[in-house]
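Chain naming follows the written order as A, B, C and D, and within any one chain the residues start at number 1.
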Amino acid sequence: MTAQLSGHDLTLFRGERCLFRGVEFALNPGEMLLLEGLNGSGKTSLMRAIAGLLEFETGEIRWHGEPTRVQRQAFHDSLVWMAHRVGFKADLTLTENLDFEAALRPSASADRDEVFRRLGLSRLKRLPLRSLSAGQQRRVALARMLLSAATLWLMDEPVTNLDRDGRRLVAALVQEHLVRGGMCIMAAHQDVQIEATVHRVLLQ
Amino acid sequence: MWNFIHRLASPPHFYRIAPRIVPWLAVPGLLLIGYGCYAGLFVAPPDYQQGDAFRIIYVHVPAAYLSMMTYMIMAVSAAIGLIWRIKLSHAVAAAAAPLGAWFTFLALATGSIWGRPMWGTWWEWGDPRLTSELIMLFVYFGYMALRAAIDDTVKADKASAVLALVGAVNVPIIHYSVYWWTSLHQGETVMKGKMDTDMLVPLLINILGFTLVFGALLLRRVRAEVLFRERRTRWVRDMVLSAAGRGT
Amino acid sequence: MSAFTMGSYGGYVWSCFAMAAVVLIICDWRARVRQRQVYRDIEVRIKALGPDNAPGEGQ
Amino acid sequence: MDGETPGLFTAVVAVARRDLLLAWKRPGDVLNPLFFFAMVATLFPLAVGPSNEQLEFSGPGVLWAAALLAMLLSLNSLFVSDFEDGSLDQMLVSPQPLPALALGKTLAHWMTSGLPLVLVSPVVALTFRMPVAVVGVLMLTLLLGTISLSLLGAIGAALTVGLHRGTALLSLLVLPFAMPVLIFGARTVSLVATGDSVAGGLYFLAAYAVLIVSIAPFATAAALRISNE
């Protein structure tokens, strides 16, 4: 059986520096992939390359057994990415930003107000993002994930800037996503407590 | 066929083979230029209107021709590099740009000197040839500046390839529009009417000669570029080490 | 001698041909300099880092 | 977990709408190039002298050159904020085709820089003693020409986004390619002043805009992918 998402013989260069070589992984619904390694070991770059923003020197990512580069749209249909930077406009409000988001990618049937309540953003939805704290901005990025219909979550250090409640919330959200048959690739310093099959890739 | 091309385009192979091709281009090229210049300067009859000043044509036209052809080479190798990801073709594009700029400069300078006795001025905006060569020079500068601004070679290759391709669409339009612009106020161009055979033959010889010499120069530059790009590979290390071993 | 002076145009014509020669020589010289420079840098690097770990990557 | 990918048209409109909304919240970004345009047009009579004849003669050229520079000024910021706040990353991993998103951004750029220039140009043109008929042609050429300039400029902005010293480089890349637009734009306006036919020039500007609109979004998208690596 082929895994739903897999990476084969992945080698990545940044400039002249080799970040990693021959990385392999396989991921199926309900499972999680944890990218581990020190700062600068290439976790973020690996994630960007999985998403298709960087080119691997060798190897490829396969989605349902087919290379992602020949089915970019189908792959991106099922992918949502929580990066370091929120990727929203600081001058626009949460609602305006999410309206734009909804025109870009498939939306989940989840109710927006419900999601805001869960993330503790209800009172903030009419403020420009500029006025939110770093932790609140992380929650805003979580809102994007919850409101998208994507099955594959890419999360780059999702718990940075979050307090303990926030960290617990992230763990719970990922857990629910996996139980529903979703997948998650996470790069994290701190261990996140999640009950699921967790694969690991250690980058030196 | 594909195998052959890939073998030829492999950097070590190219690096070894290039110096063997260079003399086959440079020697006949220089001989042709020598004969062409001699015939152009001393054998060809003076022009009935311009007298001997027209003889500048024998360096001006080859330079202008090469300035255009170099851009074409750049654009084609950029396309090949983007589509088939052949490393060598990006190196060709990178090496060709400064040569193109130099020949464009030569065309501009000789055109301007030619203009002095003909129009009584060093620069005549009414001449479409000169004006579009000038814009061409800016296009080359832009291309080289973009390359120089990006540190990562792979990224610089791709970005400048996009620019070269956009330019390939635009350069003919720039020419056309400059001609249209000058036609409105009766641009005076230096070259009117047909040329005599005695005048034409040295010109063709010179064009061919310059092209061959250009080919030799391009190969040399590409070779240096390939060496730079491959500086961390095993084959370069082995080559340098064995050369050093033979030296001592 | 008139073949060299070309009426009053000799200066213009000869300077154009001279300039063409100069440009060709400059192009040739630049290519040589670059080749030598790159080669020397590689030698220096190998000497500094030792032959075994000098080159980072590659086929 | 259902839901379909929103259509192409929705995406183009959404990108344009978002950028227009941003421009609305930061009107300075729109107004500064306009002031710049008016100021360059003021510099010229001050530098050359107030002779009416000279102003009438050079008006079309000066206005067109000023418009070109004003467009260039506004191009710098086209992709920079998206690049810095991570929005560009999010657009690149969206299922929407990137050329469509690039087109949407270019459209918004034109509406916030080219279109305002077209609208204020009559006021500036009148100070150059331009007759009403000529002003009409000026507006028409600017309308067609600024579309091409936005599209061409977007390619340059995408190539230089994320580079240090990108500003000067952007001008160096875009200006040579903008020459045909400048030449045809300004000459067509001069032609109407001398009573010649302007159809040829307008046809060229329109044809050029069509050509560029069919190329630029793809080139811009390719450049964005490369710059964001």
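Here is the rule we go by: a residue touches a chain if its C-beta (ideal position, glycine included) is under 8 Å from a C-beta of that chain, and two chains touch if they have at least 3 such contacts.
Treat the numbers as computed from the prediction; the structure is a model and nothing was measured.
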item	value
Maximum centroid distance from subunit C, chain identifier (CA atoms)	A
Pair joined by the larger number of C-beta contacts - A-B, A-D	A-D
Cα-centroid distance, subunit A relative to subunit B, in whole angstrom	49
Distance from the mean Cα position of subunit D to that of subunit C, given in whole angstrom	41
Rounded Å distance between subunit A and subunit C, as computed from the means of their C-alpha atoms	52
Intercentroid distance (Cα basis), subunit D paired with subunit A, Å	36
Multi-chain contact residues (two or more partners), subunit C	56-57
Contacts with 2+ other chains: residues of subunit B	232
Set of subunit A residues in contact with two or more other chains	16
Subunit C partner contacts - residues on subunit B that touch it in the complex	37, 41-42, 46, 51-53, 55-56, 58-60, 63, 98-99, 102-103, 105-106, 109-110, 113-114, 116-117, 213, 217, 220-221, 223-225, 227-228, 230-237, 240-241, 244
Contact footprint of subunit A on subunit B as seen in their complex	151-152, 232
Interfacial residue positions of subunit A with respect to subunit B in the complex	15-16
Subunit D to subunit A touching residues, read off their complex	1-6, 10-11, 13-15, 17-18, 21-22, 25-26, 81, 84-87, 89-97, 225, 228-229
Residues on subunit B engaged by subunit D in the complex (per definition of touch)	135, 138-139, 141-142, 145-146, 149-150, 155, 158-159, 162-163, 165-167, 169-170, 173-174, 176-178, 180-181, 184
